[in-house]
Amino acid sequence: MGSFIGHALPGSFFYFMGLWWSTKYILKYDCKKYKRSCYFNSKSSFYRLELLEGIIIISMALIGITAEQFFPGGPYLTLYDYKEGHWKQLKMWHHCTMYFFFGLVGVTNILCHIYRSLPGSLPKLMLSNAFFVEALIFHNHTHGQDMLDIYVHQLLLLVILVTGVLIFIDFMRSNIIFALLHTSFLLFQGSWFWQIGFVLYPLNGGPAWESTDHNNMMFLTICFCWHYAVSLTVIGLNFAFVTWLVKSKLKRFCPTEVELLKNTEQEQESEEEM
Amino acid sequence: MGSFIGHALPGSFFYFMGLWWSTKYILKYDCKKYKRSCYFNSKSSFYRLELLEGIIIISMALIGITAEQFFPGGPYLTLYDYKEGHWKQLKMWHHCTMYFFFGLVGVTNILCHIYRSLPGSLPKLMLSNAFFVEALIFHNHTHGQDMLDIYVHQLLLLVILVTGVLIFIDFMRSNIIFALLHTSFLLFQGSWFWQIGFVLYPLNGGPAWESTDHNNMMFLTICFCWHYAVSLTVIGLNFAFVTWLVKSKLKRFCPTEVELLKNTEQEQESEEEM
Amino acid sequence: MGSFIGHALPGSFFYFMGLWWSTKYILKYDCKKYKRSCYFNSKSSFYRLELLEGIIIISMALIGITAEQFFPGGPYLTLYDYKEGHWKQLKMWHHCTMYFFFGLVGVTNILCHIYRSLPGSLPKLMLSNAFFVEALIFHNHTHGQDMLDIYVHQLLLLVILVTGVLIFIDFMRSNIIFALLHTSFLLFQGSWFWQIGFVLYPLNGGPAWESTDHNNMMFLTICFCWHYAVSLTVIGLNFAFVTWLVKSKLKRFCPTEVELLKNTEQEQESEEEM
Amino acid sequence: MGSFIGHALPGSFFYFMGLWWSTKYILKYDCKKYKRSCYFNSKSSFYRLELLEGIIIISMALIGITAEQFFPGGPYLTLYDYKEGHWKQLKMWHHCTMYFFFGLVGVTNILCHIYRSLPGSLPKLMLSNAFFVEALIFHNHTHGQDMLDIYVHQLLLLVILVTGVLIFIDFMRSNIIFALLHTSFLLFQGSWFWQIGFVLYPLNGGPAWESTDHNNMMFLTICFCWHYAVSLTVIGLNFAFVTWLVKSKLKRFCPTEVELLKNTEQEQESEEEM
């Protein structure tokens, strides 16, 4: 929807999923690393989480679709107004299509949970797919709007495309660094959605930023980079926090193993020193 | 040809080949998976299929070329009208060139069948080649047409390019997921060809859609995404159906093996649970 | 140089190198394949060939540079005309820079021959480099020319870029298929250079093709594809011919080995049949 | 800053880091190669160097930021002039943002030094990141400037993007050739920054080069290629020099090992000859 809430809602969804996935990836990474020392009941619990994840993603998509369709001024599920002979609220249908493809990710998640013979990386492929579809729709979405509006959506398009590519790379060669990188882009996209909301529909009810002032565009360029820096920092802090948590928990439950681990690490280091 | 049939014909070809290849890849995948348990006489039959495939592809290409050349208004194999001093029906020649490159795929298929020392992935390379050539020709094909016509062909161009890239990736690292992904893009391209036919040459004989109405373009953007969603779903259902078929056939002919297989799977799962 | 010979010269160079390299790659591939059966004195002779190759490439580059500089109307090695205060014949300098970068490939070839500790794939990297530099220069080369001229050079640019990318891929993962693919693009580029010469500077001394006629561009698009088809076919025939030659030579000198080889192949096939 | 010094400063930084990193990579490569023969105390000293590197990079970034902010005419850390109601010196803030992202590389370097469990390739990812951010900012930086200015910055953009991509490839598959290639692009970027300074702000205080003369652009195109050729040559000479140094040092300290090494090399060669 062309309103503040219409940008804040997907922004929050992306931010939440970014935080959640980064936490999951870090946990998985840590559990794998300390696997030999202490046995979390990890694999099966991650498995169950996948089901929960699928349900959450589908709910988000449904919330988004419902909001787009039934908010005052929405198309109420009709596509063509036969009386007046024109399409009805196609922008809302654009948004719904995007939500629908994200919903497909959730469906794949659940299918992969039920049929374990399906490859586990399928949801990642669908996710990267959903971003490419989002990018395509956004690319054909800003017709006839003014310069500033187009510019912030172009920047958004850039984030979306890079996210899609990164998830695709992560799908091809699973790797903690790529995983964290693409989650940081999810945070980035989320916070940029909020920024677009603030720029085009200021909360104080005032008018949108001056659209023809080139300085505004120049500021938004660096603002965009700062959003990225913040996203990277948040992911870094999350990594530090979760790893510290896992280590401290490990220390409490199986202290002897941690000792062993430390010794091994020190030995490796001293070997490297030589 | 600039007519409904000229879009429906290649559309049907792509749809048919997409369905056929997806079925083949899924069969191959399933046979490989259950290889240890029950011995289909698979490898040599796949080999013979390759020959049949080559012949079918070449026939399709020949049908296409014949139709383009000898339909009323076609160039009848002459390239230049020396009398009047201008090129003859270059659009038809464009289409013929595309068909010709797809014909080359069939030729490679047959060559690979005859000379087994040739690498088996060569037809895939030629196929991705054919799509890139198709993309190049389509890129220089829409000169002087109106907005809507150009737009639907741009979307078509996008599908063609992505198909080419995906087949190239599949050629480099053979993988069931990439294989199914690119066949889903074949279906996508096929159904989009039909859609173009409906939009530009409506079956009821009425005029083409209003070319200057931007809402039509906005609708076609989401329509494009829905075509993609349908293609993905068709491939998914095909996967489910073929796998179920293979399993049930396996059960009838070698039931003990299936039992063994099941036990192994359950054991693996219970190990994972731990 | 803006003349027929200025396009025919590099065209011939590329065509010759394409033929030569394809032959080399096929020979290498065949020798590797039949290595176990009969021992060509191959590796060291390939090594010596590399030196010869380097010298040939450098000579070609020098011929090109000399022709560009000292043909009537060339800049005679001066870059700036201080008297009249303008640059001298920058187009020729552009061509010289291209030739220079191809010369660097030859230098790398010789360096790799002398210092065997250098990685053997370095010349390939330099070659892909040279194509990218050529692409960059061609991209900024067609200022102020008319439509048809720009179009044929854009198509040329496409070939150059694809060649560069393919050689880069071949550099990263050495593979007979990629090697033959990029040599076929060398042939393609060579014959397209000749085609440009024919289009812009017809041999009968007549005027260039009508530049504003869009049909000419449409014809050149398909002509471009046919050049590609011919290049692929030439490489295919070369492969068939060289492989047949190697096999027949093998048969004469070590017939028993060939028999053994055949048996092994037949056994493999019959195993596959099962 | 829009001045000669504002281009010479980052240019020098890039040139220095390019030289330094190339030397480091070559040293690492040589040490690895001769590891078996003579034991440098290498790994731990490289480790300590990383800390120093981080500090140097951060200092460079801080120098750059300080210069941008506090030079006469800089924004003095204020972003918005509330009195007059406009943004303050956004160009300087653009530059600061670029420096900041390079500073992040230094921070990552130090973090990787302290927490050895972090993957060692993280700084490389951050470096490629910094280049992509630099590219994005430069892309939106040349608004309203004249043709020549835009052109030299477009060429700069090309170098920056290629550098980012090469470092990303080097991050994915660590390799001496890619490492040297991307350092040569650092030199390239450094010397091109100097060239931009000379073109737009000539040292003799004269006016910038004639902006509307297309010949200037044509000259800068080939000049750009020559810069690249020089960068490649510098890296090549550096490689030759460092390798010669390592070998001669090795000869002095452990001559017997070198003899052994030579014999092994000769044996390998003679084997290859056969």
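Order as written gives the chain letters A, B, C and D; numbering starts at 1 within each chain.
In this section, contacts are C-beta pairs under 8 Å (C-beta built on N, C-alpha and C of every residue); 3 or more make two chains touch, one makes a residue touch a chain.
Owing to the predicted nature of the structure, the values given are computational and were not obtained by experimental measurement.
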- Neighbours of chain C that also touch chain A are B, D
- Message: To test your reading of the model: what rotation angle superimposes chain A on chain B by C-alpha positions, in degrees to the nearest 5?
- Response: 90
- So how far apart, in whole Å, are chain A and chain D when each is placed at the average of its C-alpha atoms? 32
- Task: Compute the distance, rounded to whole Å, between the mean C-alpha positions of chain B and chain D.
- Result: 45
- Message: Show the residues in chain C shared as contacts by 2 or more other chains, in ascending order.
- Response: none
- Message: Under the definition above, what is the set of chain D residues touching chain A in their complex?
- Response: 43-44, 47, 79, 86-87, 90-91, 93-94, 97, 100-101, 104, 116-117, 119, 121-122, 125, 129, 133, 136-137, 140, 143-144
- Name, in rising order, each residue of chain D that touches chain C in their complex. 158, 173, 176-177, 181, 214-219, 221-222, 224-226, 228-229, 232, 265, 269, 272-274
